[in-house]
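One structure coming up, written as structure tokens, with questions to follow.
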Amino acid sequence: MALLTFDTRHKPRQAYISMAALLLLLLIFPFVASQFGNSWVRIIDIALLYIMLALGLNIVVGFAGLLDLGYIAFFAVGAYLVGLFSSPQFAALLESVIYYSPAIGEALVTVFGPEIQQNGIHLSVWAIVPLAAVFAGLCGALLGAPTLKLRGDYLAIVTLGFGEIIRIFMNNLNDPINFTNGPQGINMIDPIRVFGVSLAGEPGSNATVMIGGVAMPSVNAYYFLFLFLVIATIFITSRLQHSRLGRAWVAIREDEIAAKAMGINTRNVKLLAFAMGASFGGVAGAMFGAFQGFVSPESFSLTESIAVLAMVVLGGIGHIPGVVLGGVLLAALPEVLRHVVDPAQQALFGRVIIEAEVLRQLLYGLALVLIMLVRPSGLWPSPNKEERPNAALAREEEEASTA
Amino acid sequence: MSEQVLLNISGVNKRFGGLQALTDVGIRILQGQIVGLIGPNGAGKTTFFNVITGLYQPDSGSFELAGKPYSPSAPHAVAKAGIARTFQNIRLFGEMSALENVMVGRHVRTRQGVLGAILRHKAAREEEAAIRVRAQELLDFVGIGQFANRTAKFLSYGDQRRLEIARALATDPQLLALDEPAAGMNATEKLALRELLVKIKAQGKTVLLIEHDVKLMMGLCDRITVLEYGKQIAEGLPSEIQKNQAVIDAYLGGAH
Amino acid sequence: METFIQQLLNGLVLGSMYALVALGYTMVYGVLNLINFAHGDVLMIGAMIGLSILQLLGAHVPDLNGGVQLAIAILGAIPVTMAVNILIERIAYRRLRNAPRLAPLITAIGISILLQTFAMMIWGRSPIPFPQLLSSEPIMIGGAMISQTQVLLLVLAAVAMVALALLVEKTKMGRAMRAVAENPRVAGLMGVDTNRVIVATFAIGAALAAVAGVMWGANYASITFTMGVLPGLKAFCAAVLGGIGNIYGAMIGGLVLGIIEALGAGYIGDLTGGFLGSHYQDIFAFVVLILVLTLRPSGIMGERVADRA
């Protein structure tokens, strides 16, 4: 990793060149990959959303040191929000309200207008994203509030419990009032429309999107949107990290009692960590719902929470580039493997011995165990943790950094 | 020396289950003084510290800082009111640099939040720069300015103690409460610490000090309070304390 | 009234299984101050091994008495679960005893995933029917039904808990366990081999989980590689409810949680005016956990955690 660096404070020129080179690669990628079909870009689209999740969880686990095992709940919140407000689902909801309590139902129809009864509510992306961020953020603070006084292990289990509770609610909130449509989930969710252009392509165009005269597959269009969101997330979380708030988070992580003694209101700061982390999860969830066109409770289980945690842990807890690496490895790799390993096994052994799904689970489990035992700070840990107590070496480093 | 009372605490009682840790303990510190709190191990000195800084809730007691009552209900509120402390077993933020540790100390006197962090508008940038400058000043003041970027857990023991003091000073306290700052130090380090404390006093700061090194205390403190088994057994000038029979008995043979 | 007794019985059955698993959690927490996140999957392994043994027996000696077959299955599952749990201690916990608290928990999560993956590879992904070896004719108690399998489960659980209590109170190993649970350093100074005690703790917990696993399969007639996750978590909630680190607390906590869950599932429809149905059953354990941790963190019988100062 010596050539590739993002350390803008100590090695600005190298950092900016690295970033520019990487950006160029990222921008070209979809056009190259499209030559081989849509599946590669689709894989990366989903991977980008998971990277966003990992970066959000990094705030809670990495910066503040709070082990949240129910993080996927915020992904679910965002996804179901877009399911409710960008699809015909609201019509179904109204129907169940009218059935259950005609008076309230009629009142709602008067307020929202009769069209809602037919088609549901269809908000645009510009409304959905802030709505998802704020609502998920509130949920984050709410779910975090009971955990503030808990020790590490208990915090983990309680947040896990919350994640499960949310999943159970999503699975069952279809009776008597149909919020989530139960285990079937919500489909026919609108695709994202940016400046009048639908990212799913116009109907009949075989999922081709026209942007300023250039035609591209829908997955490519989403790629650029998600790439933009991930870059924005990196930007925001990086700024948060190197700020008064970021220091407060690390202080709490390192020694909560000392942090309190230094005047940090640990309750509020922890709630902020939960809220900020959750809001990224919510936005990612909203994008997920719109991208897939449907949401169902299966996508939001404990397994998913652990998968996101694995990305943060594998890459480097607290270190943003590391977390991105972890996200790339664990989100994209299994899908890549599925395309490579199955045919390879067929060719070599005549049949598939280890399915890609099994391989995925093995990877996650091994990642968590091996990293904690062998390299707990992750594959790409924060550079200044490499500091040696050796006085000479340290002096050398100080000279270099102040040069 | 100003005659203003900075810290006025009285009637503190604290019980842990079956153990009465503190019985009717109080202390009165004037502005600009260095006051010592001594006593054999288990006398309740750190417990008293923890009570006045909000780590433990007392069963009873009245607490006044600079004439205004303050409630030791939460540590961060106490820091905001103006009491900063160090810990018997050093509690630094190990993974942060020395500079960052002290910058955290500025948290309670600064304001920027989420928006400031993300937008980095002019006010936020200025505050951040001011925090950094002040932190470096304090590191220089305690004598470890050259280690600003060293990860805190890699500092030498004596330097870690200084760092903790710098961090406490960063909160702009009215009262600096130090819990055994000289513990584990050799004679040279203690001398350096003494110089630092004199420097701090010269700046007009008020200090409350727990220590075991009686010689250090005698030369440094304006007044000394002695605790034994959670009760106050003596209070006065160092010379008086040295001759106090109850104190001598409590230590079973005096200074070490 | 009949429903009430039925739900109570259901609760006792469920609670007995929770109690057996909760004991494993609480004993490990007592000596190591750590949650063995993978313990629920040890239950699953016990069930799977038991299943394989029963399938083997069914193929070769199908006429053997059902109760005996179950006994063999349990006795066969126990060494395997012990080996698994001891391995977990070796790999995940021993090397990380002085690491920051999150490390062993994260490692245990990884091991949980690995155990499930291995089970998925060996026994497949779909639920597997568990042989029903005891007569399915129910026994009537006051208008409520209980199956022979369930009675066996209650008996086994009771025997196991009594045996454990005797072990802990009356034997040398039990004394050593209590000593290590209270203060490991001093126990070591008194000549107790703490590592051996910790290994024994894991082993005993695993044995209890094996019993619970095989009987879970017998009771619900079907098992799958994910069966251990939720019961494991609920058993942990039960351990906290009873008082973490406290063996009697785990027993009480398990039974109480089982009853709460059964009664809750039965009556939640009535309580919420039809708004919440019995599918919300799984929530009770977590709600109980949150309430306990907020209102009375030391649990029903008080926690007994090591003095690790």
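Just so it is clear, A, B and C label the chains in written order, and each chain counts residues from 1 on its own.
The rule is short, and it goes like this: a contact is a pair of C-beta atoms (placed from the backbone, for glycine too) under 8 Å apart; a residue touches a chain by one contact, two chains touch by 3 or more.
What you see is a predicted model; the values in this text were computed from it and never measured.
Visitor: Taking each chain's centre as the average of its Cα atoms, which is closest to the average over all protein Cα atoms shown?
Guide: Chain nearest the overall C-alpha centroid, as shown: A.
Visitor: Hey, which chain ends up farthest from chain B, C-alpha centres compared?
Guide: Farthest by centroid: C.
Visitor: As a quick test, compute the distance in whole Å between the mean CA positions of chain A and chain B.
Guide: 43
Visitor: For chain B versus chain C, what separation do you get between their C-alpha means, in angstrom?
Guide: For chain B versus chain C, the centre distance works out to 49 Å.
Visitor: Could you grab the centroid distance between chain A and chain C? Build each centroid from C-alpha atoms only and quote it in angstrom.
Guide: Chain centroid spacing, chain A to chain C, equals 34 Å.
Visitor: For chain B, what residues touch not just one other chain but two or more?
Guide: none
Visitor: Looking at the complex, which residues from chain C come into contact with chain A?
Guide: Interface residues on the chain C side: 34-35, 91-92, 95-96, 99, 101-107, 109-114, 116-117, 120-121, 229-230, 233, 236-237, 240, 274-277, 279-280, 282-283, 285-287, 289-290, 293-294.
Visitor: Could you pull out which chain B residues touch chain A in their complex?
Guide: 53-55, 74-76, 78-80, 84-85, 87, 91-97, 100, 103-110, 112-114, 116-118, 120, 124, 127-128, 131, 146, 149-151, 154, 167-168, 170-171
Visitor: In the complex formed with chain B, which residues of chain A make contact?
Guide: Residues of chain A touching chain B: 236, 239-240, 243-248, 250-251, 254-255, 257-266, 272, 276, 384-385, 387-389, 394, 397-398, 401.
Visitor: What residues of chain A sit close enough to touch chain C in their complex?
Guide: Residue positions touching the partner: 65, 67, 69, 146, 150-154, 156-158, 160-162, 164-165, 168-169, 171-172, 175-176, 302, 306, 309-310, 313, 354, 358, 361-362, 364-370, 372-373, 376.
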